[in-house]
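Pasting the structures here.
Paired with chain B in one complex and with chain C in the other, chain A is shared by the two complexes that follow.
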Partner chain A sequence: MKRRAFLLAGLLAIVPSIALADDALLTEIAARVANSPVLRAEFSQTKTLAAMRKPFRIAGHFTYARDAGVLWQVASPYAVTYLIDAHGTVEIGPDGLRKTRSGREAAGAAQAGQIMQALLSADLAPLESHFVLDPARVPDGWQVTLTPRSAEVARHLTHITVAGNTAVEQVNIVEAGGDHTEIRFTAIQRDTQLNTAEATLFARPD
Partner chain B sequence: MPRRLFTFLAAALVTGMIALAAVGKVPVETDLLAMLPATERSPIAEQAMAQLARAHEGRIVLLTVADDAAQARAGAEILAHTLRASPALQHITLEVPPDALDTLLTTYLPHRFGLLSAATREALQHDGRDALIQDLYRALSSPIPTATPVPRPLDPFGTLAGFLAELPFAGGGFAPENGVLMAHRDGRSYALVSAETVGSPHAVSTQEAVLDALAQARSAAQAQAPTAHLEATGLVLYAAAAQTTAKREMSLIGGVSLLGITALLLLAFRSLRPVLLGIVCIATGVAAGIAVVLLVDGRLHLLTLVCGTSLLGIAVDYPLHYFAKRRLTRAAWRADEAMAAMRPALTQGLLTSLLGYTALLAMPFPGLRQIALFSMTGLATAYVATLMVLPLFARAADPRSTAGLDRLRRAFSAWQQFLQRRARWLLPLAVLAGVPGIWSLTHNDDVRLLSTPDPMLARQEARIRELTQLGQGSRLFLVNGRDAEHLLQREEQLTDALRARDPEHAGGFTAISAFVPSAQRQASNRQLIGALLFGDDRWAQHTLDDIGYHPRIGQALADAFAAEKPLSPDAWLKLPLSTPYRHLWLGPAQAGVASVVTLHGHWSTDALATGANLPGVTLLDKPAAVSSLMGQYRRGMAWALACAIGLSLILLSRRHGWRGAAATLAPCVLAVGAPLAALGYLGLPATLFHWLALMLVFGIGADYGIFTREGGPQGEATLGVLLAAITTVLGFGLLAFSSTPAIASFGLTLFMGVITAFLASPLALIGRGAPEAAS
Partner chain C sequence: MTAINRLALLGALALAGCASVPHEAGCTALAPTLRYCLQALPAGQTLAINQLVEFTLPDRPDGERLVFAIDAREARMQIVALTPLGQKLFRISAEHGTLHWDGPQAAEALGLRLPALIQLMLWPVDAVRDGLGQDAELSATEYGRTVHQGDAPPVLTTRQSDTDPTRGTIDAVFTPMDARIRVSRLEE
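The block that comes next holds the complex of A and B.
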């Protein structure tokens, strides 16, 4: 997590030159996904690395709150929760203890949080300064390919694709070395508000 | 006589020319702190401060800010391009070498097991393998793509990545994006450019050249990246702003003061001649003052110059008394006799003033010494000029009507009689009224009172500091050790203590030991992680295998661990990576070696005190040290003032007797007390500069008393004192409008003191015998 600072601090913008049609599609995607204040889903993430004999899988529960951010609750193979919002990423252990970070890490985590929140909520427009966005309609919904604009990020990250319909259903992250990560969302439910347990987790002491 | 005059004029001309030539060339010192003495008794501490100051003083940090990253970047590129063309700037940095991260990796990878961040170290000590397994999982499971400069297989537990993330690189939220350091915050994008001045930032020529270059860069950037704007900070900018303010204030305050004085004298004397002669006397004094200061100190300070322009006010008194006498004597005027009659008063006035300044000259404040030197030389020269030049030029009597002036005198003599008649109860009443005020007087010696930086520059600096986490430079730790290893260990004790006192990470620090831990710490880290990873049970290999890594990954890790050697400070200091931090390593010092740990962000005084209590650690807090010195000197000045009053009493008693001396000094004592009482009642704290002004008030008040007493029993000297008071208020009182608080409080105190001295001047006549006694 600490090392995210290196990548994410390096996200950069050049001239955004997105066609108007693309803009309209992005707006449509964001509107489709964001029309309910709370989204819950199960997720499974598979990391395929050159250095590994077999893919590494984790699974858990995902909560998106339009006004608060994203909760990423890993259930297997071990329990940990990440709270991701505009202020950054907070790691909450199984014991409920929150880990604070030093200023530099926090700055990196804050950017990481913004990017992750944008990805998982399909509100991609804020990422235009960091990535070239290429949205497209696919048979059962939409897909957006994000290509990093800066050379520093491109050294590590080839591209990211986000796909879905009325919610984000799949995120693919392809790294420069060929390693890649696939996240799938299933059992997507919509709600109007957070339950008490979730609200407690979302609350930031500061 | 004419020959004497010729010699004098020639000498005056030469001094004037020297002074003018020197002022053109010699920079006027604007750094108010430069007027203060060396604060640290230890030479290593002074060396540390000086070295750090050198590392910081020439630096300029620039940001181009725009809503759009491309604009910010384009602005920065034009900015850097334009600045590179200027001969006033060097080391303009915009691009970061693309292999910066690779350099980091090649430097630290060979030593990875000895390098743990404080957080990792603590986690390993507490939770052992649980912490490692968490790190292993976190590296693989976090939803965000992890891109570290360390390839995952070389650092599967993420410990080296954690160490690298904690390196105290300057730049805060800035990271390279396509080779340019950029940051994004609150919807705005920032691009960073840094530069260094070629010459000293205190030199006027450097300041002008830098401002020119910046103005050019600004307009070039404006043309090509219109939505981007420029923010900059650097000592040179503050120095230039201070210089501009000082010049503007000097010409404005000095000009208004000169104009007012000239108009007043024209009104009183209806002739330009006394005015011109008065100005000649003053100019001679000022020129001599500048010349002697430059001769002794080699440079002139802003405050000396500002106070020097105010010298006008006090030096003009001498010719004033002379011309006032001539104007009132009318047909019976005889220049030589008049001058002979005035000489005792002039001499006593000069001596008491010099007495006051001598006390200042004894102060260890270089700035105060310079002001004292300037004033003493100027006054003595003006005195000599008055004695020699005036009788030569104003030989003829001035028979014109003095009706207007007589009315003025009559008005004042009513006050004079009232005061003299009621002095017995008025004087104790005034003293009683003042005592509670003086009793409740508070003091403030905060060094920040010395200067108010330009608010726009201060805002830009605050923003740049927040974004870049630039070090403070004024508060830092000095660490001493027997040798490099011992020094690094002590730095680690200090940084561990600081971290423990700052769980919220509100503050930060930069220490060499964060880049290259002590051999002891590296060995301990290696032992800690080695026992966990590569014990007899080959835990790392098994764990990595379980999670799905190829067996070769675990084996390579074990092989690297077996072959690893610690990173040495010598090797690190030779790397290009260390260039920006080498100034922190002071190297060989008195006993062993020394280094500096700089601070940024917010640190509580308590936390810093905890650090300062460790062995071999000294907290250098320049503002605090200077503030405490200012307090010492303020107290010293109060004593000096008391001594000067006592000595004057003795000096004057030889001529006027004890009672007479006490009466003569009464206006002066009241004038010194009134501003103090006023400050006390208003609840305003007195500063060193109020006391400095009181020193002058003392000299002026003594002058008024002496001239009034020497002038004659009917207050013949009133016109001279009145004109002197008005000119002094014009000369000094206007300083109250200065934007520098130190100078403003100086002016305000003088204003109050001089008015009091003037109003109380008739008191000096109490007990005055027959007119013959005065001659």
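The block that comes next holds the complex of A and C.
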């Protein structure tokens, strides 16, 4: 019994130092990713749906603007652009026609967009109230696993894994129902401002 | 009206006025006196495809776009509806005529009719004829299908780009709702 108590005391003593190490690693990751005002990348997304044999794949161009939101320009297998910002979600067709999305679908996309924005900037602290963050060093850089704190969210989402080196290069979303989404970012570029074409797409008509 | 409701509405194939039609397991009312009962794929035949579905309605001339992932084997059929960005909207499972809905409750009653519409467009002609029973007639050519009931205007007309309706594109008109639908198979 004394031996067990001793072990327990030892474990309890280690826990705070693990937490400190995690905090230090999260800070290091944020510094390595060095949150740029504008980030551009090519993306490929594969969604594997439970009990479905054929995965669903899209690919295209991605633009993250710290002060304006996120632009997903799908180029394959069809062309469509989604602007997700603090105001909500807008679908922009190949003809430039804009459709503002509302309701449950848009609310979900906006929430996912906010989470994605935090993930891509590696600014994970705002997510700590909703997720348990588990950072780790891996051979090619780092990865952070986010596990939902609330049972409500956990009913839909098992965990999210974000991985990268000097930028976020991969996001994996594992849903409770068995669906799994993998997003890979390549050809990542940083910039200080949006170009004219991007600024036009981000602009919201009054 | 949200995209999901519009889709469900479209999938309902003009259920208006069909409330008095009794529902059997796996059977869907297409018109006041017309039902379609879900059919199994022939033994050994399977289907696993992703499709882009674009549709317009009189009050939505700009149209809507959704992705359908369809997976079927014999009497089992799964349909997952996604936004073009890959966000899941709902899932419908059909097995031996029993339908299961996983999605917003508000769209359930109408959305559960989608399997019937998909089968009318994609399933083998003989299976579709069995599903329509004595209620309606299916005219089929190599490049299209028409579902009609007596001398009334066709309920559904499809024109397909390939002799195999699961390939290429299908342009369909669902007359009771004046709905125009384009279905395009998404290739890898």
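Please note the rule applied: the second predicted complex is superposed on the first by the 170 of 206 C-alpha atoms of A that agree within 3 Å, B and C clash if a C-alpha of one lies under 4 Å from a C-alpha of the other, contacts with A are read in each partner's own complex, and residues count from 1 in each chain.
In the analysis below, a contact is a pair of C-beta atoms (placed from the backbone, for glycine too) under 8 Å apart; a residue touches a chain by one contact, two chains touch by 3 or more.
Keep in mind it's a predicted model, so treat the numbers as computed, not measured.
Once the two complexes are laid over each other on the shared chain, residue contacts for A:I115 go to chain B alone; chain C is not touched. In the superposition on chain A, A:L97 contacts chain C only, with no contact to chain B. Touch criterion met: A:Y78 reaches chain B and chain C at once.
When the two complexes are overlaid on their common chain A, residue A:R53 makes contact with chain B and with chain C alike.
By the document's definition of touching, of the two partners only chain B reaches A:I173; chain C does not. Of the two partner chains placed by the overlay, neither chain B nor chain C lies in contact with A:V132. By the touch criterion stated above, A:S150 is placed in contact with chain B alone, chain C being left untouched. By the touch criterion stated above, A:Q45 is placed in contact with chain B and with chain C alike.
Once both structures are placed on chain A, chain A residues 45, 47, 49, 51-54, 56, 58, 72, 74, 77-78, 80, 82, 91, 101-105, 108, 112, 177, 179, 181 are touched by chain B and, in the other complex, by chain C.
Note for the complex: chain A touches chain B at residues 1-16, 45, 47, 49, 51-56, 58, 72, 74, 77-78, 80, 82, 84, 89, 91, 100-108, 111-112, 115-116, 120, 129, 149-153, 155-157, 160, 173, 175, 177, 179, 181, 183. Looking at the complex, you find that chain B touches chain A at residues 68-70, 73, 98, 101, 117, 119, 133-134, 137-138, 140-153, 156, 158, 161-162, 164-166, 172-179, 182, 184, 189, 469, 503-505, 508, 547-550, 553, 601.
Chain C makes touch with chain A in their complex at residues 2-4, 48-50, 52, 62, 65, 67, 69, 71, 78, 80, 82-89, 91, 93, 102, 104, 184, 186-188.
On the chain A side of its complex with chain C, the touching residues are 45, 47, 49, 51-54, 56-58, 72, 74, 77-78, 80, 82, 91, 97, 99, 101-105, 108-109, 112, 177, 179, 181.
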